[in-house]
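Shared between the two complexes below is subunit A, which has subunit B as its partner in the first and subunit C in the second.
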Partner chain A sequence: MAIFPVLHTSGSGLRTHRIWMDAIADNIANINTVRPFDDDAFQARFIVAQAVRSDNQDPPGVGGGSRAAAVLFGDAEGRIRYEPDHPYANEQGLVRYPDMDLGDQMTQLLMAQRAYQMNLAVVDRARDTYMQAIRINGR
Partner chain B sequence: MLDLAMRAIQASLDGLAARQRITAENIANVDTPGYLAGRISFENSLAEAIKDGDPTASGINPWHSLDPTRMNGNNVNVDDENVSLVETGLRFELAVESMNNKFRILRDSIRRDT
Partner chain C sequence: MAIPGIGQMVGAAGLNPIDTKSVAKPKNTGAEGDFGNIVVNALQGLEALQDKSDGLAIKAATGDLSDVHDYTIAATEATLATEFTVAVRNRAVEAFNEIMRMQI
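For the complex of A and B:
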């Protein structure tokens, strides 16, 4: 049982959302990664967030926080484009682009960033609250 | 002159200060290739020492984080370190406030008035 439990709960949220932002950064960095037609296209990264079991918390069921449980990969088929001049093009002039939507990725980035900020706000607020509790007996 | 509780608080302040230092070091080395995040444990040792009646005999044990590393062999997580800074700061504050209370009691018992 931690002495300041809220910090650990929001801390886990910070970590989960930072990992999500890492994945989105990966996706955006590879938005134009071209692959030969015979290979798999770059697959978008999806983070699976999971609530952490909190049976040993007080009270049980509260304050477990979250964690990034797994990474799932998107469509390997990608988007096939006709670019006959591309060095990777096959005889029909086809290459594979990743099947990702930049607008969608930016929206996810915004969501992850806002959630990160909210967890930071909780850390801030919890610190103020605990600080006041510490000073209850102060003169 | 310091009683058991005060010596326990003092040992706890030492441990927390060490943790604060190592956290600062971790944040400073967030981009250093091959750097493993440092950790400090002193609570178990302090609990044992208090049980044996001599908190000053407790030890501060540094060790390295076993978290997975990034491509450059570094495993510092800034968010974890920042939460650690806040928590250690609060615990330090709590210990300082407890020490202040002990001194207040001492001062009140020395003074005739009040």
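For the complex of A and C:
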């Protein structure tokens, strides 16, 4: 068992939210990715967060943080737009845009960033607390 | 007046020889409970943490580090473990010095 378990728990939270931010970055980077009508549109990435069970914690019910367990994909149909000049357009002049809302992605980005910061704050507090415990009656 | 020998005083006057059996002996706590072993184990754990931190620092330098916080957390952990080990050592030395200063 690790001697400073909080650091590992918060570290797992940091990792989960870093992956979430990666996924949002991917989504935003592909906000204008156009696909031909016959192909699948770019699918938004969703991260599935999962609680981690831990047998090392005392008491045992306390978990060991979170992890990004899987990536789910959004709607493959996308938003069909009429752009007859587009090289990818079919005979009807239709192409597929990803079915994502930029405002929604930015909101998720804010949430991921804040959660990341909160985990950092926990790391900071834990370090200060452990340090104070080490310095009990010390000089 | 005859002076009795010292040997006769012992026992007769209630000066009992020290009963070595009744003197409390420190319990044999086994090898792992030994303070020295505790410190050695702590130092080994500390070394492992510092190795991990060093490995991540190299990864950061070579650009292989995927998570920045992995390194900073490992470094924090190594710092805390160092402080902790030093604190334990200091307390132990303090206790030893206290005993050495004892007036006998």
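Heads up, the rule we're going with is that the second predicted complex is superposed on the first by the 135 of 139 C-alpha atoms of A that agree within 3 Å, B and C clash if a C-alpha of one lies under 4 Å from a C-alpha of the other, contacts with A are read in each partner's own complex, and residues count from 1 in each chain.
In this text, contacts are C-beta pairs under 8 Å (C-beta built on N, C-alpha and C of every residue); 3 or more make two chains touch, one makes a residue touch a chain.
These numbers come from a predicted model, not from an experiment.
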Fit-or-clash call for subunit B and subunit C when the two complexes are aligned on subunit A: clash
Contacts of A:Arg15 with subunit B and subunit C, given as first, second, both or neither: both
Interface residues of subunit A shared between complexes with subunit B and subunit C: 3-4, 7-8, 10-11, 14-15, 18, 123, 127, 130-131, 134-135, 138
Subunit A residues touching subunit B - in the complex, by the definition given at the top: 3-4, 7-8, 10-11, 14-15, 18, 123, 127, 130-131, 134-135, 137-139
Residues of subunit C defined as touching subunit A within the complex: 45, 67, 69-70, 73, 76-77, 80-81, 83-84, 87, 90
Interfacial residue positions of subunit A with respect to subunit C in the complex: 2-4, 7-8, 10-11, 14-15, 18, 120, 123, 127, 130-131, 134-135, 138
Residues of subunit B that touch subunit A when the two form their complex: 77-80, 82-83, 86-87, 89-91, 93-94, 97, 100-101, 104
